[in-house]
Amino acid sequence: MLQTIKKIGVLTSGGDAPGMNAAIRSVVRTCAFHDIKCYGIYRGYEGMIDGDFIEMDARSVKGIINKGGTILKSARSKEFRTKEGRQIAYDQLKKAGIDAFVVIGGDGSFTGAMIFNKEFNFPVMGIPGTIDNDIFGTTHTLGYDTALNTVVEVIDKIRDTASSHNRLFFVEVMGRDVGHIALNVGIAGGAEEILIPEEDLGLDRLVESLRRSKKSGKSSSIVVVAEGDKIGKSVFELKDYVDQNMEGYDVRVSVLGHMQRGGPPSCFDRVFASRMGVKAVESLITGKSNYMVGMKNDLIELTPFDQAVKGKSKINKELLRVSDIMSI
Amino acid sequence: MLQTIKKIGVLTSGGDAPGMNAAIRSVVRTCAFHDIKCYGIYRGYEGMIDGDFIEMDARSVKGIINKGGTILKSARSKEFRTKEGRQIAYDQLKKAGIDAFVVIGGDGSFTGAMIFNKEFNFPVMGIPGTIDNDIFGTTHTLGYDTALNTVVEVIDKIRDTASSHNRLFFVEVMGRDVGHIALNVGIAGGAEEILIPEEDLGLDRLVESLRRSKKSGKSSSIVVVAEGDKIGKSVFELKDYVDQNMEGYDVRVSVLGHMQRGGPPSCFDRVFASRMGVKAVESLITGKSNYMVGMKNDLIELTPFDQAVKGKSKINKELLRVSDIMSI
Amino acid sequence: MLQTIKKIGVLTSGGDAPGMNAAIRSVVRTCAFHDIKCYGIYRGYEGMIDGDFIEMDARSVKGIINKGGTILKSARSKEFRTKEGRQIAYDQLKKAGIDAFVVIGGDGSFTGAMIFNKEFNFPVMGIPGTIDNDIFGTTHTLGYDTALNTVVEVIDKIRDTASSHNRLFFVEVMGRDVGHIALNVGIAGGAEEILIPEEDLGLDRLVESLRRSKKSGKSSSIVVVAEGDKIGKSVFELKDYVDQNMEGYDVRVSVLGHMQRGGPPSCFDRVFASRMGVKAVESLITGKSNYMVGMKNDLIELTPFDQAVKGKSKINKELLRVSDIMSI
Amino acid sequence: MLQTIKKIGVLTSGGDAPGMNAAIRSVVRTCAFHDIKCYGIYRGYEGMIDGDFIEMDARSVKGIINKGGTILKSARSKEFRTKEGRQIAYDQLKKAGIDAFVVIGGDGSFTGAMIFNKEFNFPVMGIPGTIDNDIFGTTHTLGYDTALNTVVEVIDKIRDTASSHNRLFFVEVMGRDVGHIALNVGIAGGAEEILIPEEDLGLDRLVESLRRSKKSGKSSSIVVVAEGDKIGKSVFELKDYVDQNMEGYDVRVSVLGHMQRGGPPSCFDRVFASRMGVKAVESLITGKSNYMVGMKNDLIELTPFDQAVKGKSKINKELLRVSDIMSI
């Protein structure tokens, strides 16, 4: 027999991403639409353990769809990784009468939810919120599209000064395990080369590419480097290498860092968040549990948590080729 | 036997859209990559008839990937709609040794290309460039994503003043035949209601919706109206209607107009343009003709022109429901 | 003997402007710094009459410095223009123990405060908040710098499409009585001509200027028109005039409207608001009353209300000449 | 007798700044307005020595008023610091018939121009172009206002993530010798503390301030640090210090770097550039030489080079106090 859901909790967990507030809003309003009570859980699983809950109605989320960050705040919880921590969290949820929760976060947060579901048979649903777009089972993660635009705007600014001074810039962008951001902003920012975790371009090719670019009459160059690039060199080391091994370059470095996580979400991310919030709540209502909501072929679909956390999303190799052609 | 392509022309036609320059750049550089000459054709089919061509090499398109508008300029040509006009255009292309062309534009431009291809057996390829996203056979048109972000930013600004004064705003956005822009920016901008060409919401429901919204404690409201909304009233008429039939509203109107077409393209549109340019040129090289390049399920695919111009892209009805739930 | 101020009210009145929230924040925090209680008064003088007050401490204004609009909301009050209305307002303030207030608004709001001060000998201070920059006694009004940047960004977008199609655009910007916005955005946006309330350019000169511009090889033109331009024609009438009297122009019109009031304030407006809030509160503390805070020669200075409301700020005629030279 | 100026050169020198293109455009068009020929000199004094000149007419500068960087490119020239280098430069100018030049740059560039003027009695005029606002004799330098807005936008984004995670951020902004940028963006970005070259806040006060801030219930903090802050610690060292000496902080660091120099100029900078270009050319025409154009009390005024290069612009100490009050 289907257990009726009466109170749903919502939390944001792990690194924040633009669109998290839009997703919270959607979860809250979809609950209101279906006459289900909704509780915000502060500071991710940490707040769950502390019983840091607040009841949220449709009006409580007004004016947040365009705000970066998360009004529920986020955190990484060590305690939730222990059986004891999760037991306390469960007791807190029960005490508050919460029947199910939606967690907005990355694969670490989903793993936590999956274990929690297994231990307590507690209905859970996930919304992928991370700028890295590194989650299997969805073509997009929430915040990714916004981050791409944020980074491209910054690269446009760096190019202004690069081309005024005939400089070579190494620009480090986020992406420890996957090169989605680097690959896309590299193409969109007109980069000479793009260094990503998935492909070992090799220093030799980088050097050759820069030489060819100079020879072809280009007066300035930008190389986009993902945090976790396969060459294994930081942008500072890359600068040193070029300084020592190549003549005639004025090399500069820029590490974009945390600004990539902020800012008002793009239209895509707001709509995406709104759609996923509806799907998450309505899936819980119809008795589903243990799934991640995501996008496949422009449709909102579910992927079982165990599949989502096992894989990594793959880069599209076509883009590597497009980048090569564009930087001719 | 496959005719070898040695010179490719590229033109922009119809209304301009952000990303057209990125697409021109991609066509030019893909030609350079394959050692094919590339000619820019100014002012769409008008310039084709006038023989207004310029040779473009890889360096000639530097610094344009982030520029709105089109460096080749665009126009609508009456003459090209006549057999005589197209004959002159053909003669001009032959005189310049151009073997094929890529036209970046909307369905009108594709129809022109299709007829031209039929009459002269001239290889043609299309790239969908229009902010309206109204073309069958592709989930996105070039410039659409940028326009969405442009409009949402403006609605965010209008909301600032709307909520400071407890006002009702009717905001008109582009979309004569399809409601894609209205539907997405309506959700992303937190609109109370969204009036689109595809659905006759009816004035009664609008009025009821506004009343319910006021009753529920909302102090300000935004209604997004597509140019071609089914109710058939302009935003000015809608304002008059509310002024005359409802008490207690301070109603304002905003017509966004042409600004929606401008601005630096989003990351998505730059990458999309780059990918489509590669595909268009390489398809011509391999002997294909009479296709529109587009996106299906995140992949770059071809659609025959005759299919592309016959249909209109459909809105996703799921979004109507999401909008209803979000405006609770 | 100096009456000690213990509770200060703050309100926003008239049209909203970016930076109002930053000014509210500054008033609240300066009160907190000096151990004075601060009350927010909702909806301008209307809320004053209704006794719609809320106590505000330093934390209550966090996260608003970068938000457009006004969290206290704004309104125009007819009742406050009557002696009876003001008496009720005075009674409400007394009942709440409020000793003085800071009103953020335009010259209408200052006139109200001045009369109120005269009638009840109640300490009042004004902060000029309006995008029009039309107030005498200050080189800048709060929100003006932000609005300039907002409008220039839009004109940049319009130019993208104007120059892609060789079009003439009439762009209407705010400014019923003064041409500050039109004059500055006209220069910054590269306009051919700028029509303002202060100068009667005349239709003849406009026509001549457009003809000269076309002759000189310019392919597109933008004419910026202040709402209250001296020629006395709306942008729609100007379009009709050109359509009927000049050959070979594709004329379009854009009315920017309310979006000009919204958006996150510029750095200048945030700092300006912060400085003025400090000055307003500290002036009240030292026994001053009946002044507008403003900027003169980059310093924060006081101007008596009666002077501020009598004059209008003048445009800098040097800018007219600069505009003429730039549009050669 | 006044020597008639017939050909004016224009160059950009030193670090680039937003608005340099707008200033070039203004110089070129003012020359055209007065029927004087104008030559662009590439790569600053280096291009002057190489005779790298190009004739520029009014149309050659279209579409650049809103572009960051400098179309004439910039450089620092060692050779121009030698008598021999300057002699070659002089010969090149004479050969090209150039009678005078306008240099857009910082105090180093002005020193070069001043020496050149003394040695060859060659008419020179300077326009202060640098984001640092560090030049004596003008309240603003070109690009400063734009950089302030660029940095504030980034801090807004960093605050999104800071407040989602209760973090402390040290954000490094430009300003080796003066704290103008840090001081203004610190206030506008709601920073807890601002470390600048002019004031030794001291580590003790910083620590105390952070403790007080935490105690007062603030959950996240941003400290803005000018490159050349008086404490003499980099943001990385500051992070280490807090990590080692204070409990309970999650400290992050962001170095904004070169992006601060890029981007489309603000409305203010475009108008300012336009006004200064007119003044520079018209001053040369009327026989003036050896001055820097700048802004004093909102008017465009001249300052003799020897005064401009001797002093540094001072920060406004009022702002330090405003910052203290705002961060209560």
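Letters A, B, C and D mark the chains as written, and numbering starts fresh at 1 in each.
The criterion applied here is as follows: a residue touches a chain if its C-beta (ideal position, glycine included) is under 8 Å from a C-beta of that chain, and two chains touch if they have at least 3 such contacts.
On a predicted model such as this, the values are computed, not experimentally measured, just so you know.
Common neighbours of chain B and chain C: there are none. Between chain B and chain D, the centres computed from C-alpha atoms are 39 Å apart.
Averaged Cα coordinates give chain C a centre that lies 28 Å from the centre of chain D.
Shared contact sites, meaning residues of chain B that touch two or more other chains, fall at 156, 163. With chains as nodes and touching pairs as edges, the resulting graph is a single ring in which every chain has exactly two contacts. Of all residues in chain D, only 12, 15-16, 18, 20, 67-70, 73-75, 150, 154, 156-166, 169, 219, 252-255, 257-259, 261-263 touch chain A in the complex they form.
Looking at the complex, you find that chain D touches chain C at residues 25-26, 29-30, 32-33, 58-59, 62-63, 65-66, 139, 145, 148-149, 151-152, 156, 163, 184-185, 187-190, 216-218, 264, 266-268, 270-271, 274-275, 278, 297-298, 300, 316, 318-319, 321-322, 325-326, 328.
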